[in-house]
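Got some structures for you, see below.
Below, chain A partners chain B and then partners chain C, in two separate complexes.
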Partner chain A sequence: MFSGPRQRGLRLLTHAEWCGVPSEADIISTVEFNYSGDLLATGDKGGRVVIFQREQESKSRPHSRGEYNVYSTFQSHEPEFDYLKSLEIEEKINKIRWLPQQNAAHFLLSTNDKTIKLWKISERDKRAEGYNLKDEDGRLRDPFRITALRVPILKPMDLMVEASPRRIFANAHTYHINSISVNSDHETYLSADDLRINLWHLEITDRSFNIVDIKPANMEELTEVITAAEFHPHQCNVFVYSSSKGTIRLCDMRSSALCDRHSKFFEEPEDPSSRSFFSEIISSISDVKFSHSGRYMMTRDYLSVKVWDLNMESRPVETHQVHEYLRSKLCSLYENDCIFDKFECCWNGSDSAIMTGSYNNFFRMFDRNTRRDVTLEASRENSKPRASLKPRKVCTGGKRKKDEISVDSLDFNKKILHTAWHPMENIIAVAATNNLYIFQDKIN
Partner chain B sequence: MEDKVTSPEKAEEAKLKARYPHLGQKPGGSDFLRKRLQKGQKYFDSGDYNMAKAKMKNKQLPTAAPEKTEVTGDHIPTPQDLPQRKPSLVTSKLAG
Partner chain C sequence: MEVQKEAQRIMTLSVWKMYHSRMQRGGLRLHRSLQLSLVMRSARELYLSAKVEALDLETPSTPTRCPDPRLHPPREAEVPAACVPPDGEPLSPEPMDTQEDEEEASPRAAETLARCSAHPARVGRKRRSSSLSNGVDAGLVPSKKARLEEKEEAEDASSEVPDRLLPPPAQAEGAFPNLARVLQRSFSGLLNRGPTAPPTAPPARDAKPVCRPADPVLSVLVRAVVAF
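And now, the complex of A and B:
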């Protein structure tokens, strides 16, 4: 994946395109693998959820390479209107989080700006036949005509995947929900909006506990908002939340019911002489993710990805530049609002590598052990089924070499905001506007 | 002794200030945040909206104006038609 002597690289496994009449509704807004990696859920701006399932590589299908195919599609959220405040509530799915699997069915949480829903996705591959009171069409039989009783038998049928909403968690957020996170206790989860974080029990929809509230008494004094939040992967009492000022607070729910006072405060010291109009905007953290080990966390700000050791609050242990060449373009990026784009980041299963997106359909991967990084492109032209992805390079000035692309030629409308890494294997999912690419690292 | 090397960020800031001399004193401060909190605000008449949704049959609705910009008078507006109201910088004290 990071180039080596043997022919090795990321190859396209699956490409799916959301299309219909070219519309904004087809833009993918979230991507998430489940715990086994066999299912990949995507949410889009039109409120739909599309789940992909990995094909089983088996003797009966020798040609299948473990591709992902569509497993289930359903409308999770609809557009709503809050009449009281004259607010349009977008149906866009902001986040999807899977629950750990406990039985044959799969459960996931999906959320838009205001409402979180728990969906059950189950398979049905048998149908009962031979009912007594109705015939095969479903029409009721005349009870006086029934002369004999029979026992209905189960017959196999074509696999049907059904999605049904099991819980609707509504009316708990005044501001826009940016994160949901399932707790390691598998019973509770948190939801975070710009100013508050709530704790829910998965079984209880009419009540939630507020655990963080940073709303000032006087809104004129508002200086920062919550941008992301996540539960610790193992310690069910610990969660973190990031802010628009580039800070992260770690909270312990055992210390008090309202976690307004943090247990740890992570902030990188800033050189005051380098401060500019853009400093705070580009320091805003758009995503925070714990490592699988639970020892580290990663934050994404506009230009970089930082890895923090939870035991050290004073500064990150690693800083990786995503697209430093954009620093000299901040003025135009502010004018076209791109400076406010919220990029996500993710760890691989062993926490040895991290990935995040950029512009021009580029995404970046960093190997923490070898300190090597690579820029790749997720686009149709670039993804031939058998060829491995070629590394890309952005030329920052001076002479542009062949195959390099200059900063001014980058397409800032082609943003890769959402990426996901399979929990165990080297399989990645990259969402490029209305296209989903799934790549697998294979040795030839 | 002149410092000839300006950081690219400061150079960009100078460019921005040159284009927008009245840009707020508080960079990245409350203005941004409040705009962010008010995303999606649209104003319309819910009575009109519901009537349009219900598709009144007894009354012949006046034909919609040919240009999409005409949203008052003849045309019953729906939320989709309305331009986004630019949020004022002063938040109403009634707003949650």
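And now, the complex of A and C:
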């Protein structure tokens, strides 16, 4: 997977940039492959969803290398105003989750801070012609002029991809939604905000069940919030949620209707030698993801990625440092708000590797088997179409070698918060502010 | 003292961030508010323990204090001992160029000292409850008036209807004017460094070595979170 002697490496497959001049609305806020990997959905701060589709590699189009091209674009959420609280509700798409495909159409859930929507994306490549009551322009025909009846015929047309909202799940969250997760039963899904987790049925929009509620009776006693939640990939009764205190709770919906009491509690004892002023903030978990096997889960906190065995609650089985050199910079990162950045993480299809983002458009990949890790950069300058990505190195002290970059030269405005890995192949999608990069691992 | 200044700077910064986060689109975010209040609390503890240390160094044998001989010597011994390992650490994990040393030195100092202040802070808390009752910076100690206000607000907050059924009532608007007032008061307290009102250490403080319950800035900040 990582550049070795056999000229293997990650090559740029597709680069998409949102508009020419980056504006706040063009910042990509979520990236997600569908179950087959043929579609890649992205959401941005402006409430838009852009779906990319993989081109079929075929003999008739030898130049196509299986690139991803824009398939559909639609406005999922609009800014709203809550008049009661005098607050604007941002249209930023926080998460997109695909539903497993059941027919020709594709379905996905997209959510902003308050409302979840189920979108149907369908193709139309035929059009009916020869209507009786209207002519080809669409104008109504004068009924007295109709002397004969004809049967409309379906004729091929240019492919049109339509997105239509099929369900709107609203008014169930007082706090800001941070996660949605589709259940393995394909009928239900959960949505989590800072203090509560709700269970929905995909068909029912006017009701949801509250399954976790950690709101204290007295808000002054609030000490932690929910930061992420996910259903187990195979066991439809099991889900996990992470907290701002760095703990993960696994809950079984069979045990009780309200899962305030966890079945398992995952927490690593704090290392007292590394305790610092900002320890509490950096221990907050920003993302939790089950492995495809369902045996492990991965959590991301500010400086590291941890892999947990579901059978062992006392500590993670693996800890990977993402950018430990930032530990001494926490005060500056607090000043520029970077310490609050919420990085995501993802598994590859076989669970042998994990990936997460960092600053300066760097992203990190860890091979769990070989214990090797690599830092790569997603930027236009470094991504020539046929050249493979060169590993990058951050110089943490002493003399800076050639090609190394010093910590102080890192651009903290260029952060990679969202990454996704194709479910089966070695294709990764990396969102760098308003740019999307899709890389493929290929042998030269 | 540098640690004190740094802690104060972080407190001020946190309060500013807290206030500023109200202006952003989407309103106050609960997680962010919580994180800011955590940093505020840590900074405050650091500030107070640094202040206590400074005062102890200035007036080593003040009769008005209630000196605890058990605490005093061990604390003085602990502080240098605890500080040595972090300071002795090679600075190679600090990948800074020398020209930026000055900028980074104070946060680093704060963090290094924060590590060893974990000890004196714990010990210092015990001292604090006794020393503060003797007229240390009163801006940090809640006055009776503030406590009465808090009590009223606490009652308002807890009377919220369970918001599974209803959106929270608009009394949240009432929290913000109070926040501004308390921020003003606590700022002047931090800056004046002189006792302005007879302090009253609430008895609950002695019971727990935890910096809760009556902390006007912190509790109002957390209450501002109830604005949802």
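Heads up, the rule we're going with is that the second predicted complex is superposed on the first by the 437 of 444 C-alpha atoms of A that agree within 3 Å, B and C clash if a C-alpha of one lies under 4 Å from a C-alpha of the other, contacts with A are read in each partner's own complex, and residues count from 1 in each chain.
In this text, a residue touches a chain if its C-beta (ideal position, glycine included) is under 8 Å from a C-beta of that chain, and two chains touch if they have at least 3 such contacts.
Everything numeric in this text was worked out from a predicted model, so none of it was measured.
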Return fit or clash for chain B versus chain C, each positioned on chain A through the superposition.
clash
I'd like to know which partner A:Asp441 touches here: chain B for first, chain C for second, both or neither.
neither
Touch check for A:His176: first (chain B), second (chain C), both, or neither?
both
Could you figure out whether chain B or chain C reaches more residues of chain A?
C
So in the superposed three-chain picture, is A:Asp287 touching just chain B, just chain C, both, or none of them (first/second/both/neither)?
neither
According to the stated criteria, A:Asp38 is in contact with first (chain B), second (chain C), both, or neither; which is it?
neither
In the superposed arrangement, does A:Asn210 touch chain B (first), chain C (second), both or neither?
second
Please work out whether A:Met219 is in contact with chain B alone, chain C alone, both, or neither, and reply first, second, both or neither.
both
Between chain B (first) and chain C (second), which does A:Glu377 come into contact with in this model arrangement: first, second, both, or neither?
neither
Regarding the shared-chain residue A:Tyr83, is it in contact with chain B (first), chain C (second), both, or neither?
first
Could you tell me if A:Cys395 is touching chain B, chain C, both of them or neither one (first, second, both, neither)?
second
55-63, 91-99, 109-117 or 127-135: stretch of chain C that collides with chain B:
109-117
Chain B and chain C footprints on chain A meet at residues 85-90, 113, 174-176, 194-195, 219-220, 222-225, 244, 276-278, 280-281, 284, 327-331, 334-335
Please give the residue numbers of chain C that touch chain A in the complex, ascending.
10, 13, 17, 25-27, 29-32, 34-35, 38-39, 42-43, 46, 91-97, 100, 104, 107-108, 110-111, 114-115, 118, 154, 157-158, 163-164, 167-168, 170, 172-173, 219, 222-223, 225-228
Chain B - residues contacting chain A, complex
7-13, 15-17, 19, 23, 27-30, 32-34, 36-37, 39-44, 46, 49, 79, 91, 95-96
Over in the complex, which chain A residues touch chain B? Could you list them?
81, 83, 85-90, 113, 174-176, 194-195, 219-225, 244, 274, 276-281, 284, 327-331, 334-335
Could you please specify the touching residues of chain A with respect to chain C in the complex?
84-90, 113, 174-176, 194-195, 210, 213, 217-220, 222-225, 227, 244, 272, 275-278, 280-281, 284, 324-325, 327-332, 334-335, 337, 340, 395-398, 406-408
